[in-house]
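Listed below are the structures to be examined.
You will see two complexes here that share chain A, one where it goes with chain B and one where it goes with chain C.
Now for the complex of A and B:
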């Protein structure tokens, strides 16, 4: 979840409290896995996710990012489950040893629909929620600031350290290091560069620790936040109702089975 | 007032003292420069002055470090950082990585210390205006140039309004205009009663802005005095301290017998003008004069 994937349109979906969106994602996840029928996932996608994407003006990015993730998964799923589902009896199509059964396709549909739902819901969260806002909201909701810092700094520092690795490589190339095109040989050539990079990272971590303490990171004072995280009574209620619906989706079928 | 008495320090597991018997007295509401060659122990002294040694780095520290009447070794680190702000040498590492905009980065320390929201917003706007980074407030700190990052790093400490500010080479990545601006801001802060200790290599700016200079050499304070006294001292090369261009030119002139040997060496342009006997009458001919 990097800042680059966030699409800031300022829509009502963007303005929701990030924790509300996170709770919605987790509730959807539980519901579609507790109720494995494909139509449950379809209802969530068509009835919740796509309208939310339209309101958030993120329909295009959602299809593009979600499609890139989902296409290979769905193709493999349909091929593997459609062709090799062990309990398949109703033949839809056969060619030599290859056979597609309606039971296999139904199984692939049930599993695929859940994955589509899960991926689209996650991508929508990423597209409509700035990671900084999510961390601030989670901290305000009681998450440890240190845990929040680990997540935020990892997201930001990995690209920064990648730039440093590029700079080390450039410096070595300027001093005559030839970087071969063959990936295996390239890895071999670049191994010695890891030393300066890793040692530099250790120094950075130590210095950053000092700088963080200089800015009161270890303070026991009650923390405040520069930006107010939007919230409302309706959202607070929703954050209780959604998990309850998810729990009901797990419990009701079990009780139904017992009765 | 800051007072170091007989301070010696060795890093953990090194067994070698990088500072020995350091005595230092810094008056409140002043700008004090500490100069010395690379490896003389400036960063170590900066960490001692801000309480990070021994609270974070450990090691063997002896002597006393008293700031505002309180010995730092007896205070928890959180109390030290509320008294002394430390700007470290590398701005990249001063940036927390926890915030996605410069505005958030500047507020980060205040958030940790529980500053009220309105107060934070006011301080961010004020300091950003002082350091002329208002146009950067909504950008990511990691998209900035080294010089811009350094200004953000300085600003991130200024917003905390600590009574003492320790700055370890705070202008190393700034252009001359940015460097002058930062020193101008430090002079204004001094006017508000902030005590500033700056570890720097730029002699002309130290001469223009510092009240007093201390030379760190041979693991101790080798000399203390006004910037004029220190920067014109014949031992600057031996200490690894840069002299100003005017002092260097005057030394060269003296070596070549162009000026009397006993004349005190100039440090600033005005002193150099007097030293060399420049005046409107003696200025070199301009192209207009030639015409």
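Now for the complex of A and C:
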């Protein structure tokens, strides 16, 4: 499950420049956190995220992935804050010692709407943007290529790493390692697994470092890109307008309070 | 970006970025703790969430950008492995059903072997990769990994990993710091609900009359010190089990004699 969740449908949303989508995500987050009323997040989800998901033809995966992440959080949030919010005074419903306060529910609604927005917007970005494209676009925009190397190579490494861990576990079981039922004693199983895993993986690294250095990885000269990332004037304008809207969302309420 | 800048200008730019990031993180925490009682009165419609999120994320980005410039290529090549250790062991622990997370073993290991700067980059990018693959919830907590890496690197430098009984103590201290730093994010961004069990504990503390921030801090203090104690102990055992020739490859571990009090061994000769 650690594979990137990218779903390639080739829709207009997929073909946007990844930096545009990232700027949109950050602007949306600033807006919903700067205007912390629940209806702001609701408008963003219904008016921006869901239409974008429909255009991108990945509404199904968005609901599935987002729902799996959000369901436990939202349930816990409503239960815990509805019942125990420190500022709760107005009882809505009482049953024995349990009482639900309207302040608690309002708090859960405000915070929950923001979390829904945060998770859906991030998942949508991940679903519609290949991690490799995102990294190339960010490197072209001036991010250090070291970041893109680390992130891209980790994404490729994890499946190899997991199969190696499985192989070591099987080998240790073959020579008599038992996995006990007691959860605390299972920590003991970690050691015969971790030792060979870490040693083996780090030994590979040494040669990789030499090979990278020989190919000019440490060079600080500006590189040219092999794959051109699609971009347009409209997107360039949007990348300026969206942050301005976000800044306005922060500044306008502040000015409003002062006046 | 002026990448042709001479070496010492670049080094001071690095220091400036890290210092600015650290100041922003500390200022954010201080502001949230001081301003919190008045802000919590009106049911979550405060700007505390924005401040917690923006301060911690901007701080973490500055620290990561500053740290990555001072890392040599061999260390950069090692970081993906460490992130994979974080993620794969974290998932393995969840599958085995252990009552801890153990999702920072790679971060601590790299901080101890290659220094805190490498650990900081490992920790922050590990959270970014969680966000890119599985779940965006850990992303705002990236700054906690900075604290873990800096404390683990400092512990290694003062010789904690030379003794068997000291790593658990350093782990406890790190766990307390991690709990304190992560509490404002849990409280103001997630309303105390980052997971099932932790949410229930936060609720229990609130029912006893604690404020939201106090409840998330206390919840963190219940789980983080134990988790980091086990993490540091595992790393300590791992270091003792790794061959000393392997440990000698890392300049930071060699220079500060992280694992052994024995006199400095000569660096491995290139003709080897």
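In this text, the second predicted complex is superposed on the first by the 227 of 259 C-alpha atoms of A that agree within 3 Å, B and C clash if a C-alpha of one lies under 4 Å from a C-alpha of the other, contacts with A are read in each partner's own complex, and residues count from 1 in each chain.
In this section, a contact is a pair of C-beta atoms (placed from the backbone, for glycine too) under 8 Å apart; a residue touches a chain by one contact, two chains touch by 3 or more.
As the structure is a prediction and not an experimental result, all values here were calculated from the model.
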item: First (chain B), second (chain C), both or neither touched by A:148; value: first
item: Touched partner set for A:77, first chain B, second chain C, both or neither; value: second
item: First (chain B), second (chain C), both or neither touched by A:106; value: second
item: Which superposed partner A:228 touches (first chain B, second chain C, both, neither); value: first
item: Chain B versus chain C as contact partner of A:217, first or second or both or neither; value: both
item: Touched partner set for A:132, first chain B, second chain C, both or neither; value: first
item: Which of chain B and chain C A:91 touches, first, second, both or neither; value: neither
item: Touching partner for A:245 - first (chain B), second (chain C), both, neither; value: neither
item: Chain A: partner with more touched residues, chain B or chain C; value: C
item: On chain A, positions contacted by chain B and by chain C; value: 3, 131, 149, 153, 157, 204, 208-210, 212-213, 217-218, 220-222
item: Chain A residues within the chain C interface of the complex; value: 1-5, 29-30, 33-34, 36-37, 69, 72-74, 76-77, 79-81, 83-87, 103, 106-108, 110-112, 114-115, 118-119, 122-123, 126, 131, 142, 144, 146-147, 149-151, 153-155, 157-158, 161-162, 165, 179, 183-184, 186-187, 189-191, 193-195, 197-199, 201-206, 208-210, 212-213, 217-218, 220-222, 250
item: Interfacial residue positions of chain A with respect to chain B in the complex; value: 3, 130-132, 135, 145, 148-149, 152-153, 156-157, 159-160, 204, 207-228
item: Residue ranges of chain C in contact with chain A within the complex; value: 1, 3-4, 40-41, 43-47, 49-50, 53-54, 64-65, 68-69, 71-74, 76-81, 83-85, 87-89, 91-93, 96-99, 102, 105, 109, 121, 125, 128-129, 131-137, 139, 189-196, 199-200, 202-204, 206-207, 209-212, 230, 234, 237-238, 241-243, 246, 249
item: For the chain B and chain A complex, residues of the former touching the latter; value: 47, 50, 52, 56, 77-78, 81-82, 85-86, 88, 90, 92-101, 103-104, 107-117, 120-121, 124, 140, 142, 153, 156-157, 160
